[in-house]
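For reference, the structures are reproduced in the following blocks.
Each of the two complexes below includes subunit A, the first together with subunit B, the second together with subunit C.
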Partner chain A sequence: MPPELAPAAPHSPVAHQFNDAGQQREAATLGMWVFLATEVLFFGAMFLGYTVYRVSYPEAWVEASRHTLVWIGGINTGVLLISSFIMVLGVHAMELGNPRTARRCLIYTAALGVLFLIFKGFEYRTEIMEGLLPGAHFQIEGVRRPHEEMFFYLYFTLTGVHALHVLIGVVMLGIFVIRLRAQGSNPPNATAVDLLGLYWHFVDIVWVFLFPLIYLVGRHV
Partner chain B sequence: MVTLMLMALLVITVAVSFVDLGPFNTVFAMLVSAAKAVLILVFFMHLGKASPLTRLFAGVGFFWLGILITLAMSDYLTRH
Partner chain C sequence: MTSTQSHYLSDHSVRSWLLTTDHKRIGLLYMVSITLFFLIGGSAATFMRIELLHPQGTLLTSTTYNKLFTIHGVVMVWFFLIPSIPTVLGNFLVPMMIGARDVAFPRLNLASWYLFIAGGICALWAIVSGGIDTGWTFYTPYSSTYANGHVLAMAAGIFIAGFSSIATGLNFIVTIHKMRVPGLTWFRLPLFIWSLYATSIILVLATPVLAITLVLMSLERVLGIGIFDPALGGDPLLFQHLFWFYSHPAVYIMILPGMGVISEIIACFSRKRIFGYKFVAYASMAIAVIGFLVWGHHMFVSSQSVYAGMIFSILSFLVSVPSAIKVFNWTATLYRGSIWLRTPLLYALGFLGLFTIGGLTGLFLAALAVDVHLTDTYFVIAHFHYIMVGGMVMAYLGGLHYWWPKITGRMYSEGLARFSALLIFAGFNLTFFPQFLLGYLGMPRRYHVYAPEFQMLNVLSTAGASILALGYILPLIYLLWSLRYGAPAGDNPWSATGLEWKTPSPPPTSNFESMPVVTEEAYAYGSSDTTEESPTSATYAT
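The block that comes next holds the complex of A and B.
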C-alpha cells in the first residue's frame, strides 16, 4: 500500500493525511498565519482610513490626540507586551511537557488581558463623559469640531475592534485553562497552545502600531 | 532579553514623542513600532526558526497592506 494511505501508528496523534507530526504542525501553523493575514486585511482597512484623514487634517489630529489618555495607553501597551511574554512561557512549557505550568501561564496571560480591558473601559468612560463620543453631542472643549470628531470615530472603532479581539483571546485562553485542568479529558496539545499564542501576539502587534498613532500625535506641540 | 528590549522601546517611543522633531516624530514612532513588531514576529511568534514557507505566509499579509496604503495614498497625496 502506498505510504500516504498507510494508517498512522495506533498511539500517534498524526491525522491520516499527514506524513508525520512535523508536517501536521507545519500545516496548522500555516493555517493560522492565513487567518492572521485576513486580520491584517481587517485592521489594515481602518489604518488606511486613519492615514487618509490624518494626512488631510493634520492639525485636527494633533488637537484630538491631545485629549487621549497617554498614560493609560502607555500602561496598556506594557500590559500587553508582558502578557505576550508570559504567553511565550506558556507555549514553551507545553512543548516541554509541563501542562500545569502552561496552565498557570495562560491564567496570567488572560488576567493581563482582562486588566487591559478594564483600563480601556475606564478610558472610554472618561472620554465619553468628556463628550468625545462621536455623534450628536460630540464636542472638544465645548466646540463641535468635525475633523477631531473623525479622529475619535477612528479611535473608538480601531480600539473597540482591537478590544473585541482581546476579549476573544481572553475567552479562548479561559477555554484552554479549563481544558488543561488536572483531570481534564480533552486537553489542548502543544500545537493548539502555540496557535493561540500566535493569535495573542498578533493582537499585541496591532496595539503596538495603534499606540503611537492614537496617543502620540503631536505630543511635543 | 526580548521583553526588556520591547519595554525599553516603549519607554523610548513615549519619551521621544515629547521632543519636537517636526515630521520625523511620526517617522520615528513608526520605526519603533516596526522594530517592536519585528521582535515579536521573530522571537515570540517563532518566525526566526520557521520554515521559509511559513515566513512567506506571514509576510504576505503585511506586503498586501503595503500595497493598499501605497496605492491609496498615491491617490490622495497627488490630489490638488
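The block that comes next holds the complex of A and C.
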C-alpha cells in the first residue's frame, strides 16, 4: 500500500474519541469489515437453505433454473460489475484529492444500480405473470411442482434481500453525491468514499455468487 | 484539582440522557432497561413457580402457563442475559480499561440502545396483547403455521434487538483493536477485555443468522409457504439447525462476559496476578471458536443422523476444556492469595461452585445415551439455570458490586450486600438443585400438570425461588439507597489495578484527565508501586 496518497484532508475534523486522523481511519475501516462479516452470515443462512435443497432435489433445480431469464441475469451481472469498476475509479479520484471526478463516478455507479433494479423489477414482473411466484397460484407449464416452487421461493428471497441491499447502496450513493456537491462544513472524505465502495463491492460479490447459482444450474447440459 | 467536581453524571436534564453518546451514560441507560426486563421475566417465573406448587395445575390454564414460560425465556435470554454484562459493564468499562475516551463509534452505541428499546417495545406489545406460546425456541412448524398469538411481533422484537447486539459487538471489536493507549499490548489487557472481545465475535457472527432465520420463519407464517415447509419438500429440522447455530453460541454470549468479571474480582480480592493469564485469555477465544461447532447437541433426539450426533457429542466435550482451564486457574489464583472476603468475592466464589456444577451436568447432557433419558426434562432446566443464573447473574451482580463505587462514586452497605449474596446463593441452590432430581426422575419440562410424587421437590423449588426473589430485591433497594446516602467511595476503594481505578469516581466525561500510559502487565498486585496502595489493616477490619 502506498503510504498516504491524499494530502492531510483539510475538511475532516477528528472525532473527539480519536487521537488523530489515522486512528479514526483505521477504526472506520475495521468497522466496515466487521459489518461485512455480519452481512456474510446474514446471507449465509439463505445460501445454506439453497445448498441443502439443491442437494436434495437436483432435477427440480435444473428444471426450475431453465425458467429463469438468463439474459436479464447476464445483463445485470455486467451492469453490477461495471458499476463496481466505476466505484473504484471514484475511490481513486478521492484519494488523489479530486472530489469533482469522484462525485461524477458515484453518480454513474448509482445510475447503474438503478438500472439493475429496473431490470430486476422487469424480470420479477415477467416471472410473476408466468405464474412462478410461490403460493397458491404457482405453476410451471400448468403443473404445480413443490420442489421447483421451493427453488423459486429461495430465488425470490435471495434476490429480494440482495435487491434491498442494492437499494440501500443507491440511497447511500445519492447521499454522498449530495454531500460532495454541497461542499459544506463536513463533506465525505476519502475514507468514507472508500468504505462506501467496500459495501458496494460486497453487494456486487453477492450477486456474482447468485448469478451462477440461480441462472446457470444445468444450462451446460 | 478543581475539575474533579464535574463528572459524567453532573448534567441531570432528560435531554442530556436521551441524546448522550457517552459510553458510561449509555451503560447506565442499559442498566435501567435490563433491570425492568429482569423484573418482567422474573414475574413470569414467579407465577410459574406458584402454579407448580400443586400437581393438578389449578391456578392457570395450560395456554397461560405456556405463555408464561415463553415470556420468561424470551425476555430473560434476549432482553436480560445477552445484553446484561456486555452492554452495562462492558459499555462502561471497555473504553476505561483500555484508556480510551469513548468507544470507536459513540453514535452507533446510542443507536444500539434505541434499537434495544424498540425491540423491547415490540416484545412487550406481543406480551400485553395476548402473548405467544411457542417457547423461546420458536420451533417450526408450530411457530410458522399452528401457533396462535403474536409470533410476528415477538420475532420482530428479537430481530430488532439483534441489531443492537451486532452494533455493540462491532463497536467493542473496533474499540479493542484500535483504541488502546500506548503500552497496552494484547497480553497486558485485563481478562475482562479478552472475554468481551470473544463475546463480540460471537455477537457479530451468530446474531445475523438468527435474524434471517426469524425472517424466514415469519415469511412462512405470513405467506403460508417457506423453506421449512414440508409441503414444498422443506425440512422443519433446518430451522432447528439455523436456530441453534445462533443459540448455542449465544449461550457463550451469556457466560463469557461473566467469566471476564470473575477474573477481575478474583485477582483483586486475592491480591494476585491471575494464574496462567495467557491460558485464560486463549480459553476465551477457544470457547468462542469451538462454541460455533456444537449446536447439534440440542438435537440429539431430533432424528439428526447418529454420526452427526457423535461428532457433536465429542465437540461438546471438547468445548468444556477451556471452561475447565478457567475454573482451575481461578482456583489456583485463590490458592495462597491474600483473600479479602468482600461482597464481590462472595459472588465470585458462588459463581465458581455453581458454574462448575452447571458445567459438569452439561457433560452428562453431551453424552448421547444419557441425553436420551434427560432430554426435555427438568434436568436440562436445572443445568442451564446453573450456568445462566448461577453463573452469569452471579457474575453480573458481583461485577455490579465491584464497580458500583466507580460508576456512582458511592459505597453500598457491605453488611446488607453480603447478606443478600448469601440469600441468593442459598435460594438459588434450593430452587434449582431439586430440579436436577426431578429431571432425573423423569419430570418433563413445560408441563404444569405433573405426577403427584414430584410435588415435594417442586414445593422445595418454589420455596427456594421465594428466597431467591428476596435476594434479588434487596440489592435493588440498598444500591439505590447508596446513591444518596452511601459513603463517598474515593478513586480506588479496593486498591485494584487497572486503568479504570486510576481516575476519579465517578469518572470525568472524558474518562481521564490526561492520557494514561501502561508500563506493566495486568493485575500487577504486589509489585513495588502498588504495595503502597494496598489496603491498610483498617480496611481489612471490615
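Keep in mind that, in the parts below, the second predicted complex is superposed on the first by the 201 of 221 C-alpha atoms of A that agree within 3 Å, B and C clash if a C-alpha of one lies under 4 Å from a C-alpha of the other, contacts with A are read in each partner's own complex, and residues count from 1 in each chain.
Operating definition for what follows: contacts are C-beta pairs under 8 Å (C-beta built on N, C-alpha and C of every residue); 3 or more make two chains touch, one makes a residue touch a chain.
For clarity, every value in this text was computed on a predicted model and none was experimentally measured.
Trainee: Check whether A:H16 is in contact with subunit B, with subunit C, with both or with neither, and answer first, second, both or neither.
Mentor: In the superposition, A:H16 contacts subunit C only.
Trainee: Taking the superposition as given, does A:F122 touch the first partner, subunit B, the second, subunit C, both, or neither?
Mentor: After superposing on A, A:F122 lies clear of both subunit B and subunit C.
Trainee: Does the superposition put A:L41 against subunit B (first), subunit C (second), both, or neither?
Mentor: The answer is both, since A:L41 touches subunit B and subunit C.
Trainee: Is A:V88 in contact with subunit B, with subunit C, with both, or with neither (first, second, both, neither)?
Mentor: First partner only.
Trainee: Look at A:L30 in the shared chain and tell me whether it touches subunit B only, subunit C only, both, or neither; answer first, second, both or neither.
Mentor: In the superposition, A:L30 touches subunit B and subunit C alike.
Trainee: For A:L216 in the superposed arrangement: first (subunit B), second (subunit C), both or neither?
Mentor: The first partner, subunit B, only.
Trainee: If we overlay the two complexes on their shared chain A, which of subunit B and subunit C does A:L198 touch? Say first, second, both or neither.
Mentor: first
Trainee: Under the contact definition given at the top, report the residues of subunit A touching subunit B in one complex and subunit C in the other.
Mentor: Residues 26, 30, 34, 37-39, 41, 44-45, 48, 52, 56, which sit in both footprints.
Trainee: Going by the contact rule set out above, which residues of subunit A touch subunit C in the complex?
Mentor: Going through subunit A, the ones touching subunit C are 15-19, 23, 26-27, 30-31, 34-35, 37-39, 41-46, 48-49, 52-53, 56-57, 134-136, 146-147, 149-150, 153-154, 157, 161.
Trainee: Report the residues of subunit B in contact with subunit A in the complex, numbered from low to high.
Mentor: 2-3, 6-7, 10, 13-14, 17-21, 25-26, 29-30, 32-33, 36-37, 40-41, 43-46, 50-51, 53-54, 57-58, 60-62, 64-65, 68-69, 72-73, 76-77
Trainee: Help me check something: in the complex, which residues belonging to subunit A touch subunit B?
Mentor: Against subunit B, the touching part of subunit A is residues 26, 29-30, 33-34, 36-41, 44-45, 47-48, 51-52, 55-56, 70, 74, 77-78, 81-82, 84-85, 87-88, 194, 197-198, 201-202, 204-205, 208-209, 211-213, 216-221.
Trainee: So in the complex, the part of subunit C that touches subunit A is made up of which residues?
Mentor: 95, 100-106, 166, 169-171, 173-175, 177-179, 204-209, 211-213, 216, 219, 223-227, 231-235, 238, 242, 245, 510, 515
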